[in-house]
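Down below are the structures I want you to see.
Next, two complexes with chain A in common: one pairs it with chain B, the other with chain C.
So, the complex of A and B:
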């Protein structure tokens, strides 16, 4: 069992680590040149303006997507949690739809829509696409947290004289803060490597995954390896951060 | 005692479901008032209405003679202690307690001083830096109470606050609540389904049954002068005997019952031939060594030893009707056997006559 598991893990995940490996070493005729270790691809990457620029675009899209999706996601989740309207199930269905549909459909529909309303394609249309895509996850994470809070919590804030805003600010927000951070980090990670919807909605700019894809078509370069490694590290860091936040908050909850 | 709060002809329905049906009552200053009812009887709805969380379908709520039906929650001079305490998990004990004052923009030094004062009242002065999660159920309860007291409300609403505590802690908290209410002189409206708790704590009790108040009165009133057979059986036990008036005297009546003839020491507006229900508590039936003029003969079915007291289930000589008798164990001189015939006397002076009711 252990050996089989080990083999499957190796088969599945070796390519990822090879990428890191090849960013440091050169190969010649399928053989690794052990003397070729260098940081050169990384230093070169700094001068590779296009890749850096696309990375900055991706970060811009990611950050704005996080802000939009967390604000809208909280608003919807809070509405869903407190409303007695039967329409709220429909709202949830709509929110989940773009996440469940093939991204091509989502991307294409948005493209047609933007064209209809004469909105030129840009990084901002990408932000809209990403927000619609990640909203389902953000909504669900925040809603789950809201549902663990006792209804009496807000009621007691009102009872002690708080206005709606004060109850939100002093009681609700501090208690859902962690879930907002987790939702935001996830939204950022998803936005960072989203390609399909982006392809439809991007104009003359380019995001990082699309740039890499374009670069691969004209042959590999060490810089691609290097930037993949960097993103791998960044994403792993984000995932670990999310995991540690979750485990810390769980510990806090156990009475 | 002056009235502070009044509910007048209050009804509440959720869609087709009626929760409260035309209830009215008044709360006096510094009163410990308990609303007693089984779960789902609508008792929580009453204090949620007073607190402002629920609006009545019809009827008025008066505070110092002004209607407050439309007043928003945060403007009402009442504070609630919730069943699940509802302490803010993101704040420590002193911030929880000081929250109401902070919202009112009270000076921070003044808040600190007040928080210490109130924590002292509830006996938690050494816990001000703890988080709610680090406190036991009873301690959380005290914090919730302190948080309400500090706002100096006119009425504190307590929604089954002891429901989640174990029996021992519950008893301690009952004593604590009673003492604190006397100390701070604020009216308490307390919700419970526990009769003993209600009797122990309350100045007055309102019993909720079938969406209406069955009776409102002091614990003694409810116990000794129940207005309905439901009330008679609600507090402790009560033997209900169907009777027919056979003779009438100046201050008593003679009735025929399934246990034979009884002399009831009540002057009552009934004529010969009328039927009535007579209720008597088990402890008001005496076991006699010999028969007397007003005693009846019954057969022992079983004896339940309950420590200081013993319960006897006895059957009528003439029918399948049973009576329950409670006696101090040491007063029962000879050990009784099942099937023994004994003479008992009913202390009819403290019994209750239910005029027009059939036994429910």
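So, the complex of A and C:
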């Protein structure tokens, strides 16, 4: 089983390492030219306007998605946590739908909806699609955190005369801060790579995965491989960051 | 002075009321958001499936034409069944490969288990398109697999059955989706306290019996959740079959997508997708039941 685990880890990483490899080395007639190591694609990347633009678009979409999904996700988690109404189970089911259903359905239902209300497709429609998609995860992370807090925490804040805003800002927020950060980072990482929903909602702009998708028919240039390598580094950094925050926050005692 | 207290009471009540409305306005807004961004789109997409198309115009009149088309056009049902079989195959391969890994991590990997798990999680977030593209070059005629096999002397000529067919789609989907099955299975296997397993041995269980009657049932919910994730994602995927499947990569998701692109028959695409939606919702509800049952 240990061998199987090793093999699977290897299989999962082979495509990734090959990309990094191809960004440094050239191949000729299927053979690797070992002398061709160079950083050049990385410096040339600055002149690849299209790739850079799609990267900027992706980052824009990611950041706005994070803001929207964390704010809405927090409201829902708070509502679910404090409310006693029976509607909340239903609401939770609905929030989870876009996440559980095949992405193709979320994508095209939004596409049809935007057409019916005459909203032209743009990066903002992509943001809406991503927000709906990641909302379930963000909601669940924040809710899990809220459920570990004792109800006496907020009650005592109110007893001490805090207004609703004060209780939120000085008591609740510092306690759930980490979960908000984790949820946000996760939302960003997912949004950065979302392809299937984006394909339906994108207008004339391109995000980074869509650019790759379009470039695939002609084959990847070394600059594309270089941009992939940089993004891979960014995403692994983000995932490691999330993991380290989680493991640190687990050690800390919450009260 | 004496009438100050009722006034104060009044004031406090007012504030409570204002506060109540302030919070309820926010909940109202979020309610409206969810309903208008999730339910209404789903509804409009379902209603679209009852419309028909005339040239480039969509006729907003109720008709069952699209569903008739689905039921009478043999190719659609055939493709649907083939895609379900494909997704099932991917799911079973993922279970076969993923379960032992999750089991190994949870029981034998000791202090390294979280590091290895993390290593398995990271590829999940790494570019989907890139993985497909690279799988294409790995599986190809002069790709890595053929080269390695040739070097080992297993084959003489490069094999062709890796690319541009169903096998390629299956292999690529497994590589992409495998972590999804390992993570939930690991989390539910990890929760098993050691003393339960020891107790089962003390009671005279053989190792296989302990696995069959103790470990496996407890780990089942995670396995089911992971499998369903893999199944649904494999079912709806339309990019992978298109990019590695060649001509036989004509899956259900691809038909849906093509109706929104070149064919420009949105209502028919919506009808096909509605069938996919219904199947997925049934599966999700069924899974929900199953995991809740196995919890108790």
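To be clear about the criterion, the second predicted complex is superposed on the first by the 245 of 255 C-alpha atoms of A that agree within 3 Å, B and C clash if a C-alpha of one lies under 4 Å from a C-alpha of the other, contacts with A are read in each partner's own complex, and residues count from 1 in each chain.
To be clear about the criterion, a residue touches a chain if its C-beta (ideal position, glycine included) is under 8 Å from a C-beta of that chain, and two chains touch if they have at least 3 such contacts.
Treat the numbers as computed from the prediction; the structure is a model and nothing was measured.
By the touch criterion stated above, A:159 is placed in contact with chain B alone, chain C being left untouched. Comparing chain B with chain C, the partner in contact with more residues of chain A is C. Legend: residue contacts after superposition of the two complexes on their common chain; A:109 is shown touching chain C, with no touch to chain B. Of the two partner chains, chain C is the only one touched by A:72; chain B is not. By the document's definition of touching, of the two partners only chain C reaches A:97; chain B does not. When the two structures are aligned on the shared chain, A:170 is found in touch with chain B, with no touch to chain C.
Within the superposed three-chain model, A:43 lies out of touch with both chain B and chain C [touch as defined at top]. Once the two complexes are overlaid on chain A, none of the chain A residues touched by chain B in the first is touched by chain C in the second. Against chain C, in their complex, chain A makes its touches with residues 1-2, 4-5, 8-9, 11-16, 18-19, 30, 72, 75-76, 79, 83, 91, 94-95, 97-98, 100-105, 108-113, 116, 128, 132, 164, 189-190, 193, 195-196, 199-200, 209, 212-213, 216, 220, 228, 231-232, 235-236, 238-240, 243, 247.
Interface residues of chain A, counted against chain B in their complex, comprise 150, 152-153, 155-163, 166, 170-171, 174-175, 252-253, 255. The part of chain B that touches chain A in the complex is made up of residues 51, 53, 73-74, 79-80, 82-84, 86, 88-90, 99-100, 102-104, 133, 147, 151.
Those residues of chain C lying in contact with chain A across their complex are 19, 22-23, 26-27, 29-31, 33-35, 37-42, 44-45, 48, 97, 100-101, 103-105, 108-109, 114, 116, 118-123, 125-131, 133-135, 137-138, 142, 144, 175, 178-179, 232-233, 235-239, 243, 253, 256-257, 260, 266, 269-270, 273, 276-277, 280-281, 284.
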